[in-house]
Amino acid sequence: MIYITRKENFNAAHKLSRTDWSLEKNQEVFGKCANPNWHGHNYQLFVTVKGEVNPETGFLVDLKWLKQVINANVVDKLDHQNLNLDVDFMKGKLASTENLAIAIWDILNPIIVAEGVQLHSIKVYETENNFVEYLG
Amino acid sequence: MIYITRKENFNAAHKLSRTDWSLEKNQEVFGKCANPNWHGHNYQLFVTVKGEVNPETGFLVDLKWLKQVINANVVDKLDHQNLNLDVDFMKGKLASTENLAIAIWDILNPIIVAEGVQLHSIKVYETENNFVEYLG
Amino acid sequence: MIYITRKENFNAAHKLSRTDWSLEKNQEVFGKCANPNWHGHNYQLFVTVKGEVNPETGFLVDLKWLKQVINANVVDKLDHQNLNLDVDFMKGKLASTENLAIAIWDILNPIIVAEGVQLHSIKVYETENNFVEYLG
Amino acid sequence: MIYITRKENFNAAHKLSRTDWSLEKNQEVFGKCANPNWHGHNYQLFVTVKGEVNPETGFLVDLKWLKQVINANVVDKLDHQNLNLDVDFMKGKLASTENLAIAIWDILNPIIVAEGVQLHSIKVYETENNFVEYLG
Amino acid sequence: MIYITRKENFNAAHKLSRTDWSLEKNQEVFGKCANPNWHGHNYQLFVTVKGEVNPETGFLVDLKWLKQVINANVVDKLDHQNLNLDVDFMKGKLASTENLAIAIWDILNPIIVAEGVQLHSIKVYETENNFVEYLG
Amino acid sequence: MIYITRKENFNAAHKLSRTDWSLEKNQEVFGKCANPNWHGHNYQLFVTVKGEVNPETGFLVDLKWLKQVINANVVDKLDHQNLNLDVDFMKGKLASTENLAIAIWDILNPIIVAEGVQLHSIKVYETENNFVEYLG
C-alpha cells in the first residue's frame, strides 16, 4: 500500500453565516468570520490516493490524470468564486473548512474509485495555521 | 544604515472591477479576478523601516511598537474585510495589490517618520506567486 | 470522523542535559545539544482534534476556543522561557522534543475531551528537519 | 508510542522511461517526464521512526545517529546523481517517486529495526505539489 | 515607482562541466556538480518589473500577460529539459545559475520594455539555500 | 553586476538585557525578550555577495568556498551557543538581531573582499516575522 498526494490551490471568498440567524447571532458564534461583506483565503487542497504500484508504469496513479480530475471537478468550481454564493456543491451548507473538505471528498471519491485506486484523504488548509483533514 | 522588517497577515475579499465599466468589460480586462461575487486571499504584508541602531537598546526600532502601529492602522482595518466595500482608505480605488501597497505606505509613512526612523518599503503578497513592493 | 489542526509557535531556550551526569557524559550522549549555556529554537506546535461536525455551526470545534486553550495552557508557559528552568510541567524531565510533546498531550487531552471532542495528535517541530508526533 | 521524523534533501536527475518501449510510447504514457535528456528535482526525504521514549535520554532514537544512517545509506547514493544510471538500488526499476520510496524503505528498515525501534514511514517529495508516502 | 513580481517554477537537469576540461579537472573545480550523468533541481524564477501604476486598471502590468510571456519565452524552454543539451539560449555556456539568470534577463528585457515598463530583476533559486539575482 | 546568496542556519539562546539595568528596567524596555533564563531561536542567515561572473567557471564565487567561510567564521561560533555568554564577537553588545547582523558583516567583509568580490548584504531572520538586513 502506497500513498500519493497532489496539491492544488484556489483563492475564494466566503463568510461563516447562517441565513436563519441574525447578524448579531452570527457574529456572536462566528466572530469576525461572519463579517457581512465577505473575506477570503488562498486555500490549499491536498488529495491523497492509495493503492498498489502498477508494475508497468511504476505509478500508483498518473498524476497528470489526478491533476485534471481535481481541477475539472473541484478547483475550477472554487477558484475566484464565492463559496456561499457560486458553488453548487456548497449550496445550503455552512461554508466551513470542514464542510468543504467533506464535499470535495464526496465529489472525488467515486471518480477515483472508478480508476481502480482508493481515495485516502482530503486535506484543506484555510490558512497555514488552520487546516482540516477528512478520511471519509 | 540598517533595515528591519515586520511581517503581518490579513485575510480579505476583493474583486478587480470598475463600477463605470460593464461586467463584460471588467472580465475582458481583469479575467476571473472580476468575478462579481468576490474572491479572496491570505495577504502577507512586510513593512521595512531603516535608520541607525540606537546604542542604548541595540534596536533600530522597537518591534513591539512597530507591530502595534501596523495592526492598529492597517491590519485591523483589512483583516476579514472586503477591500472594495469596507476599507476607508481603499474607497474609490481599484482594489489591486499595487494600490493597496501605496495606500498602506501613505498611512504608515508619517507615523514611522514621527518616530525618528524612515519607512523603506511596503511589500504585499497576494499569493506566493504574485507580490508588489512600493518604495515611496 | 474529521480532523482539524491549529498551529501555534513559541520561542524557547533549552539544553539536553541530565543533572546527575557530568558535562563530559552529557556531551558524549547529547553532543552540542548539551552545551552548558543553553541554545534555543522557534518551536512550532500542531494540535489536531477529531470528531463529528456539529451541523449547527459546520464546525468540529471552534478554532477561536482551541487557540485560546492552547495559548493559555501551553504556549504562554513556554514562549520566551527556558524549558529546563521555567516550565512547571517539564520539571524533572529531559527537555527533549519527545518529552515536550507528551507533556503537552497530558495537559490538553482532558480539556479537549471535556469539550466533547477527541485529541488526535500533538506534533512539535524543533526545526524544519526534526519533529515529533505523539498520538497518546 | 511516539513518532520522530528527520528530513534530508537530495538533488538528482531522472526520467520516466522504459528501455523496452519506444520514445513515442514513453512520451505518450509519461508525457514530458520522458524527455530523453533527463530533468531533475530537489527531492525532500522524510524518515519517520516510532517506538517508546528511552527514559535515560528522553529520546526515541538519537537523531544524530538517524541522520548518519540516512545519509550514509541513502542520500549519499542519490545526491547529485542520475536515478536511472547511477543508483544501484534503482537499477532495473522505473525511476518513479513511488519506486524510490519503496527502495528507500527496503534499505532503511532492517537498520532501524536492528536499533530496536520501528520504521513508520518513508515520505518523498518530488516537488511541493507531488509527494509519496510508503508505510511498508 | 512600484515593483511587481511573478514567480514561476521549472524542473531541469544540468551539470557544471566544461567540454574542454577533463572529468578530473571539472570535478576538482565543480565538485559533485560535475558528476557526468547529470543531476537536477526544482528551480524557482522570480521576475520583477517596475514602473508607474496605470490609473485605468490599478495595475503596473497585467500579471496574466507577464505569466504568459515568462512561460512562452523561458519556462517552456527549460521545464523538464537538460540545461546543457536542450536549451538554445544556454548553448556554449556553463550551466551555472549566474549564467541562467543573465540569459533569462536578455530574453525578457526587450519584451518587457516594449510593453512600456522596465525589467528590474531576475532572481533564480537553484535550491532554497542558493540563489542568484541579476539587475541587468 | 550579479548577486549570489547563500543561506545557513543556526540555533542559539539569547536575551535582551543590559547588565547595567535592573531586571524591571530591562523588562520594561525589552518585554518578554528580557526574561532572565534566556529564550532562543532558529536563526536564518543570508549572505549576499556581488561582482562579475568569472567566464572560466560561470561563477561569481564558488558557493562551496562561501559556505565554508560562513560556517568556519560565523555559524560554528553561534550554533547551539548563547549569544550573550559564548560568542566572542558579541561580547559587550546587546544581543539584538541588528547588532548580530552588523557583527557578522564585520567578520565576513574582509574575507570576501580578499577573494575579489564584494559583500552586498547580511540578512538575519530571528523568526519568519522579524528580520534585519545590513548593507554595510
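Should a chain be cited, it is by its letter among A, B, C, D, E and F, assigned in written order, with residues numbered from 1 in that chain.
Keep this in mind: a contact is a pair of C-beta atoms (placed from the backbone, for glycine too) under 8 Å apart; a residue touches a chain by one contact, two chains touch by 3 or more.
On a predicted model such as this, the values are computed, not experimentally measured, just so you know.
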item	value
Contacts common to subunit D and subunit F (chain labels)	C, E
Chains touching both subunit A and subunit B, listed by label	none
Angular offset of subunit A relative to subunit D [C-alpha, multiple of 5 degrees]	120
Chain pair equivalent in interface to B-E, over half of contacts matched, among A-D, C-F or A-B	A-D
Chain whose mean Cα position lies farthest from subunit F	A
Subunit A and subunit F: spacing of chain centres that average the CA atoms, whole Å	42
Inter-centroid spacing, subunit F versus subunit E (mean Cα positions, whole Å)	29
Cα-centroid distance, subunit A relative to subunit E, in whole angstrom	34
Set of subunit D residues in contact with two or more other chains	128
Arrangement of touching chains [line / ring / star / complete / other]	other
Inter-chain touch pairs (all)	A-B, A-C, A-D, B-E, B-F, C-D, C-F, D-E, E-F
Residues on subunit A engaged by subunit B in the complex (per definition of touch)	9, 11-14, 32-33, 35, 37-42, 79-82, 85-86, 127-128
Contact set on subunit F toward subunit B in their complex	16, 29-31, 93-99, 101-102, 128-135
Subunit C - residues contacting subunit A, complex	1-8, 48, 53, 57-60, 63-64
